[in-house]
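Shared between the two complexes below is chain A, which pairs with chain B and chain C, respectively.
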Partner chain A sequence: MIEVKQISKKFGRKKILDGVSFTANKGEITCLIGINGVGKTTTLKAIMGLTPYSGDILIDNEKLTKHTYEKITFIPDAAIMLPQMTIKQAMEFMNDFYTVWNQDRADQMLEFFKLKLETRISELSKGNVAKVNLLMGLALDVDYILMDEPFSGIDMFSREQIADVFTSHLIEDRGVLITTHEISDIEHLIDKVVILDNGKVLKEFHTEDMRENEGKNVIDVMREVYRA
Partner chain B sequence: MNRYLKLVNFELNRFRKIYVTLILLTLLSQIAAVLLLTKGYLNDAYETIKLENLTEKSYVLEYGGFDFTHITGSLLFLGPIALSAGALIFYIFLIWYRDWFGKNTFAYRLLMLPTSRVFVYLSKATAIFLMVLGLVAIQLMILPLENTIYEWMIPKTFLNYSMTIDSIINSNPLLRIIIPGTFSGFLINYGIGLMIMFILFAIILFERSYRIKGIIMGILYAAAVTAVFVTPLMAMGFEVIYLYPGELFGVLLILSILITGLTLWVSRWLIIKKITV
Partner chain C sequence: MNSNFNTREPVYVQVIRYFKEQIAIGEIVAGEEIPSRRELAATLNINPNTAQKAYKEMEEQGLIHTERNFPSKITSDERILKSIRKELIFAAVESFVETIRPINVPIDELLQVVKEKYVNEGQEEETND
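Then we have the complex of A and B:
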């Protein structure tokens, strides 16, 4: 389980995160929702140790160390491999550094996304960058996957293809923590929602409970929260 | 350790094209210096001999002969050395900033590798140090070749004296810095070089951690450690203290070890705890 406990973060005088706490479980898809600038990406970066913060973050009851990077991965919304690398070279790089790199799964994803090994990262469209990022993240045999806006700025067909990943064996029983604006694409797949606003958690709920107890879906709750 | 070596190899490969260009430029420019300048000197000499109706020997007595120092002092010879030094100093900054400001933010990947971030830091330092040593080694290898070509082109009568590689290096202040004649000289020059590189790395890491505030913090840190390092020299300059050369060397050695150690510790703290992507 990823436990975020009372984390705070300031940029200059502006408080981006102000005592944010929530959990994301293995085997569930947890969605971090909020309008632009509420600190969704900052929260993911804090979990990955890519920005300093105050508070505590535990991954399976342990603080982040170098070993944790074989347990959790982060898929940002832009290309992070070197532009001059081909997809093949990027995969070799991952294979070189991660003991949890799963080549079979990487090959399956290449085929699934119809990507070519010899294509350079710099030549990829925005949609294909998102697919390569997913490939690099999901081909790792990690327990938790953090995804930042995987549907941002990409065409409908690529969105559908990426959404298909969530129902495939590629996710299996891993824990996924995702931020997205395109909630409608994966609303039916989400297990848990954490709504952020002004650096605080406004609401945290399981979608099934919400549907059963209050008859509301995620978008209904979002409307309620942001109109209030 | 294995991942550290892989990272060093990765960093070296990333600079490969520019590095090979620098090597080729040095080789071509210095050999061009030998060929063109030697030919130029000889043409001038023969023209003077013809005009003044001199013999080769009387020309040498009147105007002096040639030696390899004429080549090593030229722009064509020293230019590529200065250019390579400049490129490597620039690369100290580029090796970090391209991971943040390049077309893709590779810093994400580097800092999420399942290896100590200290290895990321040390791999960049090692890559630069190996590249410096590589260029120096190449300079050492091509010097005898250039000297042989030079002595082959110059008729014996015009040659003042045949220079050894040692005497060529000692005749030029820049060559003396990059290729010191003694092991202790090597340790001093490259030890100071390493210390400066680590201080520059610390300034970069301060900036990457605290942005604009970090630039000020980095500059203050660099100013503070520089002040500590030059204090014994200043104290001697103002005759506050007097140290024998051996004592001064010992004091500076201890200070440089302390400063490098502190800088490594500060950099480790920044890259593990404070850096932001």
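Then we have the complex of A and C:
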């Protein structure tokens, strides 16, 4: 489990995160939602140790150390590989760089997305860049995967294909934490929602429980909490 | 089936209803193997944990049963299978009655409309095939 406990962060006088707490379980897809500029990406960066913060973050009950970082990977929303590389070269690079690289899963994802080894990163559409990023991240044998806006700014078919990964065996029983500002087309794919606004968590809930107990979808809840 | 999900009703409940409908119309038969939770999640485009929950609930209702290390199967218990059809009819009629009651239509008129609509649309569907 990823436990974020009362983390805060300031840029100058502006509070970006103001006592943010939530959990993301293994075997579940947790979605950090909120409009732009509410601290979603900063939260992911804090979990990855890419930005200083106050408060505690625990991975499987351990504070962040070199060891815990071997359990997590972060997939940003921009191209992560050099543009002149082919997909094959990018995969070889990952294989050299990471001991947890799983070539078998990488090949399965390549097949799943129908990507070609000889294509250069610079030739990829935005949707295909997102798929390559996802491939690079998911092919690592880690327990937790963080993704920043995996669905934003890409075409409908790429979105559907990426969504298909979430329901497939490729995700296995790993914990996934994604950020998004557009929830409607992935609503039935996710387990849990954390609504963030102005650096604070407004609500944290499981989507099926919310449907079952209150008959509300995620948009209903967002409207409620933003209006309150 | 993806777009047919209602986002305000638990998805696992909708999945169970889907299975019951398939059983009622004979698309799925007694003793038939059902897909694994991963396969079901991928086919219906839903979260695998939701698929798991639907199967657990179906297991509790006696709709499916699982032996160790074998795929789950639809029950062969006739009593349960027969009750599914009744249950679906009852639930559909109940929701219909709830919707129509505020309009206060005399029952004879209502039944006449239902009959015409049901028979006509049934025929249209047949010609479309």
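Here is the rule we go by: the second predicted complex is superposed on the first by the 227 of 228 C-alpha atoms of A that agree within 3 Å, B and C clash if a C-alpha of one lies under 4 Å from a C-alpha of the other, contacts with A are read in each partner's own complex, and residues count from 1 in each chain.
FYI, contacts are C-beta pairs under 8 Å (C-beta built on N, C-alpha and C of every residue); 3 or more make two chains touch, one makes a residue touch a chain.
Just so it is clear, the structure is predicted and the values come from calculations on it, not from any experiment.
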When the two structures are laid over each other on chain A, do chain B and chain C clash or fit? fit
Once the structures are superposed on A, label A:Glu28 by its partner contacts, choosing first (chain B), second (chain C), both or neither. second
To the nearest 10 degrees, give me the chain B-chain A-chain C angle using C-alpha centres. 160
When the two structures are overlaid on chain A, which partner does A:His169 contact: first (chain B), second (chain C), both, or neither? second
Could you say whether A:Asp96 touches chain B, chain C, both of them, or neither, answering first, second, both or neither? first
Figure out whether A:Ile190 sits in contact with chain B (first) or chain C (second), or with both, or with neither. second
May I ask you to decide whether A:Glu70 touches chain B, chain C, both, or neither, giving the answer as first, second, both or neither? first
Classify the contacts of A:Leu50 with the two partner chains as first (chain B alone), second (chain C alone), both, or neither. first
Figure out whether A:Asn217 sits in contact with chain B (first) or chain C (second), or with both, or with neither. second
Check the superposed model and tell me the shortest C-alpha distance between chain B and chain C, rounded to whole Å. 28
Using the superposition on chain A as set up above, list the residues of chain A that contact both chain B and chain C. none
Going by the contact rule at the top, pick out the chain B residues touching chain A in the complex. 3, 6, 10, 14, 102-106, 108-109, 111-117, 209, 273-277
Residue positions on chain C within touch of chain A in the complex are 2, 5, 7-13, 38, 41-42, 45-50, 53
Residues of chain A defined as touching chain B within the complex: 45, 48-52, 66-67, 69-70, 73-74, 76, 78-83, 93, 96-99, 121-122
Of all residues in chain A, which touch chain C in the complex? 27-29, 163-164, 166-169, 171, 187-191, 208, 211-212, 215-220
